[in-house]
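First chain written, first letter: the chains are A, B and C, and each begins at residue 1.
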Amino acid sequence: MTLLDDDRLLGTDPGLRAIARDLYDGIRDLPIISPHGHTDPRWFAENATFADPAALFVTPDHYVFRMLHSQGVPLEALGVPRADGGATEADPRAVWRLFAQHFHLFRGTPSRMWLDHAFQTVFGVTDRLTPASADAIYDQIDAQLQTDAFRPRALFDRFRIEALSTTEAATDDLHWHRMIKGSGWPGRVITAYRPDGVIDPEMPGFADNVARLGALAGEDATTWTGYLAAHRNRRAYFKDFGATSTDHGHPTARTEDLAQDVAARLFAEALQGRCSAEEAETFRGHMLTEMARMSLDDGLVMQIHPGALRNHSGPVLAQFGRDKGYDIPTRTDYVRALRPLLEAVGHRHDLTVILFTLDESAYARELAPLAGVWPCLRLGPPWWFHDSPEGMWRFRQMTTETAGFYNTVGFNDDTRAFCSIPARHDVARRVDCAFLATLVATGRLAADEAPQVAHDLTYRLAKQAYRL
Amino acid sequence: MTLLDDDRLLGTDPGLRAIARDLYDGIRDLPIISPHGHTDPRWFAENATFADPAALFVTPDHYVFRMLHSQGVPLEALGVPRADGGATEADPRAVWRLFAQHFHLFRGTPSRMWLDHAFQTVFGVTDRLTPASADAIYDQIDAQLQTDAFRPRALFDRFRIEALSTTEAATDDLHWHRMIKGSGWPGRVITAYRPDGVIDPEMPGFADNVARLGALAGEDATTWTGYLAAHRNRRAYFKDFGATSTDHGHPTARTEDLAQDVAARLFAEALQGRCSAEEAETFRGHMLTEMARMSLDDGLVMQIHPGALRNHSGPVLAQFGRDKGYDIPTRTDYVRALRPLLEAVGHRHDLTVILFTLDESAYARELAPLAGVWPCLRLGPPWWFHDSPEGMWRFRQMTTETAGFYNTVGFNDDTRAFCSIPARHDVARRVDCAFLATLVATGRLAADEAPQVAHDLTYRLAKQAYRL
Amino acid sequence: MTLLDDDRLLGTDPGLRAIARDLYDGIRDLPIISPHGHTDPRWFAENATFADPAALFVTPDHYVFRMLHSQGVPLEALGVPRADGGATEADPRAVWRLFAQHFHLFRGTPSRMWLDHAFQTVFGVTDRLTPASADAIYDQIDAQLQTDAFRPRALFDRFRIEALSTTEAATDDLHWHRMIKGSGWPGRVITAYRPDGVIDPEMPGFADNVARLGALAGEDATTWTGYLAAHRNRRAYFKDFGATSTDHGHPTARTEDLAQDVAARLFAEALQGRCSAEEAETFRGHMLTEMARMSLDDGLVMQIHPGALRNHSGPVLAQFGRDKGYDIPTRTDYVRALRPLLEAVGHRHDLTVILFTLDESAYARELAPLAGVWPCLRLGPPWWFHDSPEGMWRFRQMTTETAGFYNTVGFNDDTRAFCSIPARHDVARRVDCAFLATLVATGRLAADEAPQVAHDLTYRLAKQAYRL
């Protein structure tokens, strides 16, 4: 038995599938460029073994535990750590059994594809996970995890990762990245500059974060000019550890281009915790434009990831903390929101701003038309809830005709689940090949052009857009 | 000649269609669970013959008459009764001829599939309805309608309906349901508690409705506590007539969780007709949370059907009354709207809240992410304007990857057109099987798992979610 | 070699494609009805040769130059004329070479299909445009452009255009149309009444435009009654030059039905430049209802094209003027917006209002439900950014099931690129045939009905809806 169909996602019509398979064969073994994600740099710094199957596949992966939780399984029972110090299930095998018992919930979901892919290709599992097979599969995975071939660096090589970006807060000291850099290990694990905690006046501990930013940068970040200088300093520091990008996860895509004295006054009020919600939004918006200006100087590519309403459940936030599956997409406007930044710096082709969305209704209506004209703009791949075969398909269907392929930037896995990286890239490659095959089969793309596009989408555009 | 293709909706690629047909063969004859609809309980109480073909297929079905009306046919000419007492066409054969004359308007629509299905499978009609065939088909249907085999209870059995829910206002005395219950007929026709008329301060006659609620419940419903007690009493009464659910058709999905004294003050103002539009919306929103709390006590499943702007034409409302095809969907937010209710009671897995939408842009962005994490939430099937093959397909494509299949609840026919019930369920079964076959054919679902999912979607999930 | 696949867009499954090809063969050679577009009437009046390949395919076509611009090519380098008098590339061959160098950007876009179609079918080009082939193709096209067979009227005949509507401002003197009419040439080139410049108080030069309107009409357009009379007069004048429609490109779909004295006061303030943004919006909205009332008198079909945020880049507007690729779609509400107009005159079936959208999320949610009931409403074809195979497919998928085919109006090419007219109509015909074939292959449309629908969509509905 096998968990994976060799021709999965390559289409149903035999003629079309043959075209897709040819395209896929041409790019399936290309190295992985992973320019945006949330793996833990500590893994590559320490290169310790992963603890156990539950810690690898269940406990840290909100895609997984939110599904079980939605059907009534308490997060505690899945061993999700509590922020309030309460007890949670400590036996990984018990967690695993609960996972197996609910594995049918994932039927038809991308999580199922990613899990099966990792089970089979990483751990050689060929039986389906069920309550009956749970223990044997647990043992099979667990035994391998204790071996050197399954340490993070070995897997990194085995996954053929050419470059992997993690994401660190602006106030992170990059301890683990320094350790990686000093280790002599040749794997290219780089960081990305995520300044939300020092840009968003509504973040808990904003003033403390800014103080820490100043301390790390050796600047008086309590003044507007010192604050900007501290950003410049930290961006340079991040660049020393390979960073080629910044990342901005604001609630909306709002940008502003305020006069400097207005911005300075807002910043002063933010530091004193006196911003209204509207002022906080204005300040965040203005800082996107400041970040874009700094990008023109230091060349960092800017990523804007708006639209998540975080921590939809107050009780879950209080008990378990952030990133527990309770982040929900919201409707997002880009057209009016981005205009101030774009009018300020958007005509510069040496600036790259990559836009993401959790609101697919913006693809054809706003994002493709914007990226299809503004020289600085590129479209990031389908993100988060839309990082699925259907989501990828909708992305291509709704953006290609206005923005083409060359205003997109290849795939991001955006994951904290290390073993899902090959699976996720493989899904993207297959869906793109099936999409290209459909264009070929319907006379919308010449057969000799398709392999070039497939290569671009898989490899070249990601390297180029992220300046890797 | 035949009106129906045996393989309709099962896909075009022969390989995929073979998989779909196998799946469909496994579930096509399962009993119908119809947990939400608008058939008239009087039919089953009195078991009288239906009047004539026009009264069965045209006059009461807003899907049908709105299409003819959109092309200039006056509603009067279709025999739609006037609220203002004006004259309408009284000859059912004249209505039928007009219907036949415009039957081409339904090409490509689900109404055409439902009508053809009923014509062929219920009445044995095999010729297409045209001006030329109109009289013969009228006679063929009319003759059968006079026979016992075509009375409501006989059709109920013939349609293999295991359970059918009607919907009654909170102030309905359930006269017809009492008659059904007392008749000894074993058909399971149950009611559902629809309290909009006593919850929405903007409904005409709100205070009178509340007074009647109190009278029926033996409570002083003019006080806040009496009003809540009256709801509890009526819910229990509805449960006596088989109700397992409540239904809420608010203009938006807004919920609130007010302090009791604030709610009591709002209620008092509502009774006096002094609510602003915003206060009315707040009150409706708060009452959803009260209803959810009562559901935790009495176990009734809660259905939220928001987003219709009713009676878009004032003149048509004045002349013909409600439900005349002039209800139009609007953009609907769920994320912020539902938060108060969810934070109050949404972590309880013994509560079931089924969400519907008329705004498909919310499927992937809001509804699937919400249902994929909140333990109380489930997604209702595509509703009303989206209750079509393409609409069903979009529903599965946009919700499965985040919410899976097991946060959905099977199909609702939601119809007042009795003969369309088998047709509508058949369409849903076929589309679901074609969707599952696509997953199988593209390696996203194992072939041995698909029949189980098909059975769940057709039968088990509806029974389970609605506690039938 | 050939640039075009004979079976392009007709589907991938062989069985389905055979059905689609039969349908397409039945309608491919029907004359073109082009009831809405932006070709230059001067072409047909003077019948001069087109200047050169760059002037024909690149410089005036924002679909084309925006794509190159999005990848960093300055508009100046493409010879796009500057509004501020600055220099631009004057050598058409240099522009053409730059175009060829970036031609790969159009892979997978409809622009590529239109260009290849025009290259091959109009100019006999069979090699792909590349930097290597650029000069030869330039020469091949350029040489033909100098011949009589490639003058506008000859191409009009060769394209089998039965009727072509241009669009002129209400204040246009229709000089070129008068010249066409007086020329004795039998080609049916008509105008359409576009009064935005004299209806929108926020248009630059609004008061001057109104003054000019009055002067042309011989009315004192500074009074409300004179202003309305001037509209009536100009509409009649446009009808003399064949106009059968008006066109309204407002920022939103907002309509109003104000009392006449209120409208008169607003108009007076607008003329004095004292309208707030909200008042300007109200005035535009009211004028749509006035236009609809005039349509009831003079029979002109009304087209509403809302939702573009024009000139997203202030700098580009200042340097290059309007229509330079910087118009971006926005979210658009129709339900509340259209209600005042509809309640005033929407029940009249002798009024035709054709709705367009740049917000596809409105198709299934708002537009199809509205057009499926209001007697005056029809749905225009997919517009602008959505005028693509995928966009056309989404239009049929999301509107047919509620509005049917007969509340749609056939295709509009809406183009200023003359040579793309046959290409665009051909794409629409193919997509419609593939859509119909899918319905036939899945049992949703009878095989003998499909050819009739194909003919209606291609030819009859456009003539009927636009009263041509």
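Observations
Please note the rule applied: a contact is a pair of C-beta atoms (placed from the backbone, for glycine too) under 8 Å apart; a residue touches a chain by one contact, two chains touch by 3 or more.
Remember, predicted model here, so these are calculated numbers, not experimental data.
Viewed as a network of touching protein chains, the structure reduces to a complete graph with every chain in contact with every other.
Fitting chain A to chain B on CA positions gives a rotation angle of 120°, reported to the nearest 5. Both copies, chain A and chain C, contribute mostly unmatched positions to the interface they share, with under half of the numbers common to the two. For the pair chain A and chain C, the distance between C-alpha centroids works out to 40 Å.
Looking at chain C, one finds that residues 11, 13, 361 touch two or more other chains.
Residues 11, 13, 15-16, 333, 335-336, 339, 342-343, 346-347, 349, 361, 364-366, 368-375, 377, 397-398, 400-407, 436, 438-439, 441-446, 449, 452-453 of chain C are the ones that touch chain B when the two sit in their complex.
Within the complex, the chain A residues that touch chain B are 4-14, 66-67, 69-72, 104-110, 112-113, 128, 309, 312-316, 325-326, 328-331, 358-361, 385-386, 388-391.
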